[in-house]
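The structure that follows is given in the form of structure tokens.
Chains here go by letter, A, B, C and D, matching the order in which they are written, and residues are numbered from 1 within each.
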Amino acid sequence: MNPVNYLYLAALLFTIGATGVLIRRNAIVVFMCIELMLNACNLALVAFSRMHGNLDGQIIAFFTMVVAAAEVVVGLAIIVSLFRSRHSASVDDASLMKL
Amino acid sequence: MSATAVHSLWTTAAEVEPIGSIPAPHIEYAQLAPVLIVVGAALVGILVEAFVPRRARYHTQLFLTVVALAAAFAAVVGLAAGGYATTKAQIAAMGAIAVDGPALFLQGTILLASVVAVFTFAERRLDPAGDGGRVDSFAAMAAAVPGSDQEKAAVKAGFTTTEVFPISLFAVAGMLVFPAANDLLTLFIALEVFSLPLYLLCALARRKRLLSQEAAVKYFLLGAFSSAFMLFGIALLYGYAGSVSYARIAEVVDGSVRTIDPALADTMGNDALLLVGGALLLMGLLFKVGAVPFHMWTPDVYQGAPTPVTGFMAAATKIAAFGALLRLLYVVLPGLAWDWRPVMWGVAVVTMLGGAIVAITQTDVKRLLAYSSIAHAGFILAGVIAMRPEGISSVLFYLLAYSFVTIGAFAVVTLVRDAGGEATHLSKWAGLGRRSPLVAAVFAVFLLAFAGIPLTSGFTGKFAVFKAAAEGGAGALVVVGVISSAIAAFFYIRVIVLMFFSEPKPEGPTVAVPSPLTMTTIGVGVAVTLVLGVAPQYFLDLAGQAGVFVR
Amino acid sequence: MENLIALLVAAPLLGAVVLLLGGRRLDGTGHLLGTVLAAASFVVGAVLFADMLGKGAEERTLTSTLYSWIPVEGFQADVAFRLDQLSMTFVLLITGVGTLIHLYSIGYMEHDERRRRFFGYLNLFLAAMLLLVLADNYLLLYVGWEGVGLASYLLIGFWQHKPSAATAAKKAFLVNRVGDVGLSIAIMLMFTTFGTFAFGPVLSSVDGASEGTLTAIGLMLLLAACGKSAQVPLQSWLGDAMEGPTPVSALIHAATMVTAGVYLIVRSGAIFNAAPDAQLAVVIVGAVTLLFGAIVGCAKDDIKKALAGSTMSQIGYMVLAAGLGPIGYAFAIMHLVTHGFFKAGLFLGAGSVMHGMNDEVDMRRYGGLRRYMPVTFVTFGLGYLAIIGFPGLSGFWSKDKIIEAAFAYDDGVRGWIFGGVALLGAGITAFYMTRVMIMTFFGEKRWQPDAEGNPPHPHESPKSMTIPMIVLAFGSVFAGGFFAVGDRFVNWLAPVTEFEHPHPVISVPAITTATVVVLLAGAAVAWAMYGRRPVPVEAPRGSLLTRAARRDLYQDDVNHVVLVRGGEHLTRSLVYVDHTLVDGVVNGTAAGFGGLSGRLRRLQNGYARSYAVSMFGGAAILVAATLLMRAV
Amino acid sequence: MSFPILTATAVLPAVGAIATAAVPAARRTAAKWTALLFSLGTLVLAGVVLARFEPGGDRYQLTESHAWIADFGVRYELGVDGIGVVMVALTALLIPFVIAAGWNDADPLEAGSRRWRPTQGFFALILMVEAMVILSFEATDVFLFYILFEAMLIPMYFLIGGFGDRAHAGTEEHAAAQRSYAAVKFLLYNLVGGLIMLAAVIGLYVVAGSFSLSEIAAARASGELEMATTTERLLFLGFFFAFAVKAPLWPLHTWLPNAMGEATAPVAVLITAVVDKVGTFAMLRFCLQLFPEASQWATPVIVVLALVSIVYGALLAVGQRDIKRLVAYASVSHFGFIVLGIFVMTSQGQSGATLYMVNHGLSTAALMLVAGFLISRRGSRLIADYGGVQKVAPVLAGTFLIGGLATLSLPGLAPFVSEFLVLVGTFSVYPVAGIVATTGIVLAALYTLVLYQRTMTGPVKEELRAMPDLKARELAVVAPLIALLLFLGVFPKPVTEIVNPAVEHTMSDVQKQDPRPEVEAAK
């Protein structure tokens, strides 16, 4: 089938992810949405890789996964510490600094 | 998938690389020495954390870090002296990393900035000593809940988070690669490599931990968000050009590509991929340099992060990010200049004006400096837009000048303290000039440099970028820049007025006497500020020679 | 000989410098030094005069250039002197009368602890005045012109602790400044027209210039003259100037400085000759002032103010004469000189009277003084006869000539008008001077105790004061005759001012008789009003004209309303404008940015997600813009 | 390579500033003397410069030229023409008086932190300003000039804001607020002007590719550098705006009264007599030389602005209640004359303007410093608080009067010469303008004499009974100034003969001839 459709899917997923980031309060969920965006990128990369018939895209996809994993490590560490000190994972509660 | 398809895949692939001979990657270790040294030191640092007894860690780490950075810098200088900045500029590591003038210049700058920044990391005289000896400005136990017994115990025990040194080394490593990255993958990885440690560092403040954590969360989420966009941009560009190597993409973009297979022809026809991809990639970088409208993390993060980290971020991140931006625009997308230049014009204008205007009403020193850094990002963008060699060199020079002023300024901020730690609210700075003229004078020098008053590095840099912009036909941009400088001048002056002309408050903050470390940082800052202001020629030459990208 | 000219100025200047910088140690001897130097200047003048008489009429003019003052491209201003018959006349008058008045002041200022400074100022005045009349170009003349203004400012305000004196001084200076504007514009006009403002070149190349330009120059010079010589409309300062010590009034505001305007016009005769319109203006100003001063003089009870009015009027005669051109110049100067004698004499007399009357100035509180101060009475009386133009005395000769000339102003209506005015003036002069005479020296005593309540004990003044009066009295009696006989004076001046005989519309004898008749009439009326009836101590309300005249015909009130009030309003409103408008714009801009900043920073609301929104939006815009760029 | 005398004239005060600042906190008097001696040394050097300058010689003399910032085409180029050398001399001459007059102005009222050294700072800053001003008069490189033009704002700013006049109405806080307002206003006005100029400077470089005055001028003359009319006009406006703020020209003048009102009298003198001259000087040197066509294009407007300044400034001076503000507005009026003289573009006008810069420096210094002495005695700046001073302090009153007479440019005193030259120069090309300007001399008389009358004459105010007359130090400050005013009034030749050649150069830059007189007068 035509790989272009995968691109549409990727775009769709990416948008969903982005929207999620914008509308969800819970830091974890927001973070998951970001992960979703990354995966959308992966999909796009792979699709392109297929189209162009070279491997770069796929390689990047692997790297992306690793990066995502790393982000999880760092991100969760931060979010958890935030949660523990505030007993809430809502990103909106973390708004002491403004103006 | 049919066999032919699979085969065609290989064969087409083979056109890029001759069949069957996928050579073992050869790495020019010498040219990559700076990065390798830093990474190596970082790894060693981890081991130190693991095996060296707590008492000795601090000194070991400090020593290790400084030596590593110094060695890396020496390597950079060596490379530059070896002509890699000019004649022998080349692409190293299988096309992943460029070793050329801008890269080396920026790496050198980053390393120097990191050294002085690390000094402020290591400062241990400012906070009152706990039972466990003197402490720096990082959390005793980052994992502990603020105000919990666990934390109290940790503080009592005088724990310190010596991990910051290896962490920052990792960040530095990423920053070194970022401006040198010669393909999109490396770019992305470098971005993450220096971002993730910074996220952590932001969360490690000893005082005002809630703010610190909040800063970290915001920085992390928004950073990840932006890198997602960037990655998507990468994907699209890759889709457009069928490659992630800068050289290749550039060829495709300006149509000078030799071999065009049907797939490429197909995607090449679709400019949307290119434009959207380019835009998203640009956005990722603009986020890092803190350009309007991607700047909003800056004030919060700068305020919440431990001040030494803020200084480090503000300086080094900008250098790295602008380096990457330059390379992207000058190497990859010059063929697209007609499309991105107007856009960047807009960004530059709103960044200059926005930063300056919002800063007028700030009441917190760190936020003030944050907004000023935004305005400066705008000025630098003006130089970037010039699209000519002077543009590159002027930006390089500006970054050099700006980074030291920034680190110096934030270092001064760490000195003004009261019971609650650093007294960053402007009202507390009233009459500082009376209580400790020297500190106030030094800070005034930095402010004047920010304001771009002649005989300071700030002026030289500003003049350089504006000149480049004007020569690049962006006269209007210069006028906007001049106007926003005038607006900006207003709030720098306000701080000076506050420090010198208003009566000191009785319960005002005290000025801690720092160790030689911070003194060095500030001293270097002042020295560089004045030298670049009075006799900048040598460094301008340097930047001028370095102002050529390899492609 | 040329080198002596500088000495004329240098001597009194030296005196001024020494006396003003000398400090207290000169308090004892200062006045003597000042007087000696004035006298020295007079001696030098006399020597030069003798030398001049020794030469033929044509080569009498001496010039000496000291140095180049303002050497600038296309602009030559030298410090150069010119001593010809005209300036010589003035030199003698100034130094002569000046010396006498120095002498007089020694006695008059005896009890003033700042006498040294007074003499310093007097010397300064002499120097400036001599510079004025000796200058060889208009710019240097301008220096003297303002110099005498300064001296007069300092001397009018000599008793600075009296607010009235300070105000009068300021007023005098300001009004004069208005005149000076005229002079400086005139000089600029000369510069642009002739490329120079030295007397010789300018006056000799008048023919080349257009009449319009010359008229403009003439009018500007006239404006200057009005300021300095207290001619309408700039006459208002002279009356107040009487706040100064009486010797000052005698020297500066009667004999010399106030006549500078006449000098200026006569000196610039060539220009006026070529600009009839300007001349007409001069004549009109002279005529108006002549009457104005006379009327004012009739109503004043303050003896000095009355004399001031008379001065104004007499100078009006001179200006009128000067305006008549070659037929009048000589007579203008002649009247100037004789007036110098008798008016100075009169003022000194008045001073002497005040001296004896506890500085009382109101004539209604004098009366019957002739017995108590005979010398003063005699000298004053002779001065009186002279000024009203009693046949045979100085005033008669000079004034009569002017009236003749006035009648000769272009045969026809103008001649009649101005001749008539001059004639009328003579009558009024006789009236008010008689009035002064009677109220002061005749009738019964109307003396009042002064503020401290001690009654006056009139007595004759010391020798140092009476001698000058006597000398001047001689002058006022004989000078005129001496000048007039055989047209001595006219011939003397002719080479400088050129002279042609006037041809009046009616015969000269007729005019002379008319003059005598008129003055007798005036005197008679005055005697009828003040001699026959007792003079009330408190001034009666008086007729409308009298009241107007007492208030200088309301001219000051007009000035006050129009200039002072208007000016105050203007400045006040400007101060407001400067603060609110000019400054406001800037402060407004600053405030505007502040407000904008305040609004913008609200976007920074602390919510990570809204930051994300802005990033998302930014990305969208970025993408859109890029695509748009490609589209267009 | 002869001895770099010009550099020396700037370096010496700079060194002096450092030396003064280095004097220990307790040794205040030592600091004062250090400053005074260095300023006198500078005066000597300036004298040497004056002596070595040959009026007939090259346009720029004693030149120095060293590579500085090649990338920007910037060289460290110094040189003085007749105008420059006179201004240098004036600056070097005035500073010692400023220092001597401000001898006790910066003594700390209360013992602050042991590291807080106001006195040292005060005099160090003054010397710093001197160094920068002198160098800016000598700079023949646009960039170098610009840098100094901007940089001198900083020390001035601290002088105004940090060392206010102690005679003020209201509370200490209020006064401090007023002070910093004045200082900020000063800085922002000039900074904005400077930044706009910066844009023009950059533009100039883009167009001309060099910053060297001589090079650009030569290129323009030889026609190898063609500027588009609009470009030239825009650049001109950029430069002129900055100078007009500094000068200050109506309507950009409002910072001056605040600054001069709040600053101590010596600093006020520093502002108006020295620093502001850089603005007018720069108009003469840069605007006219670099952009002759544009200058002529703008002349009508500028002439009008100058006239407005003259009349407006004078009228506002009349309306002031505060002695120092009055002098400030008087200065606005005088700067109007200077600008007028510069832009009418006649030899008399420009010689007059240059002379005017010098004379205005001297006369304002005299008037303002005496006013300062007066104010320091009574502790009030309000005219209404004085009266009858001449009775208790005749010498003070006398010097004040002479200063005032100089301000109203009485013939015989120096300002008359310059003012008349400007008037004549104006009148010969713009008669109407000349006449309007002439009204200025009446207004000048008005505000000066009103000031004198209200403060010095009349019955003595009770509070003033015990007022002492001028002290020896104060007299030593004023007397030389007055002597100079008199000397240059009767014998301005020494200055004019230095200035004239320079003026001729400028005239040839703008390709202007003086109008010929209507009639060739018979000499």
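Things to note:
Following the convention adopted for this analysis, a contact is a pair of C-beta atoms (placed from the backbone, for glycine too) under 8 Å apart; a residue touches a chain by one contact, two chains touch by 3 or more.
Quick caveat, the model's predicted, so the values are computed rather than measured.
Taking the mean of all protein C-alpha atoms as the reference point, the chain centroid lying nearest to it belongs to D. The interface with the greater count of contacting C-beta pairs, when B-D is set against A-B, is A-B. Put simply, the chain farthest from subunit A by mean CA position is C.
With centres set at the average Cα position, the gap from subunit B to subunit D is 46 Å.
Separating the centre of subunit A from that of subunit B, both taken as means of CA atoms, is a distance of 24 Å. A straight line joining the Cα centres of subunit B and subunit C is 81 Å long.
Each chain gets a centre from the mean of its Cα atoms; for subunit A and subunit D, those two points are 65 Å apart. Multi-chain contact residues of subunit A, defined as those touching 2 or more other chains: 18, 21, 30, 91, 94-98. Shared interface positions of subunit B, i.e. residues touching 2 or more other chains, are given as 217-218, 221, 225, 229, 299-300, 490. Listed for subunit D are residues 188, each touching two or more other chains.
Pairs of chains meeting the touch criterion are A-B, A-C, B-C, B-D, C-D.
If you check the complex, the residues on subunit A that touch subunit C are 18, 21-23, 25, 30, 91-92, 94-99. Residues 601-602, 604-609, 612-613, 616 of subunit C are the ones touching subunit A in the complex.
Contact residues on subunit A toward subunit B in their complex (touch as defined above): 7, 10, 14, 17-18, 21, 27, 30-31, 34, 37-38, 40-41, 44-45, 47-49, 51-57, 59-60, 63-64, 67, 70-71, 74-75, 77-79, 81-82, 84-86, 91, 94-98.
Residues of subunit C that touch subunit D in their complex: 20, 67-75, 79, 139, 142-143, 145-147, 150, 153, 157, 160-163, 165-167, 169-170, 173-174, 177-178, 180-181, 184-185, 187-189, 191-196, 200-202, 204-205, 208-210, 213, 567, 570-572, 574-575, 578, 582-583, 586, 590.
Of all residues in subunit D, those touching subunit B in their complex are 67-72, 112-113, 115-117, 146-148, 150-151, 153-154, 157-158, 161-162, 173, 176, 179-180, 183-184, 187-188, 191-192, 195-196, 198-199, 202-203, 205-206.
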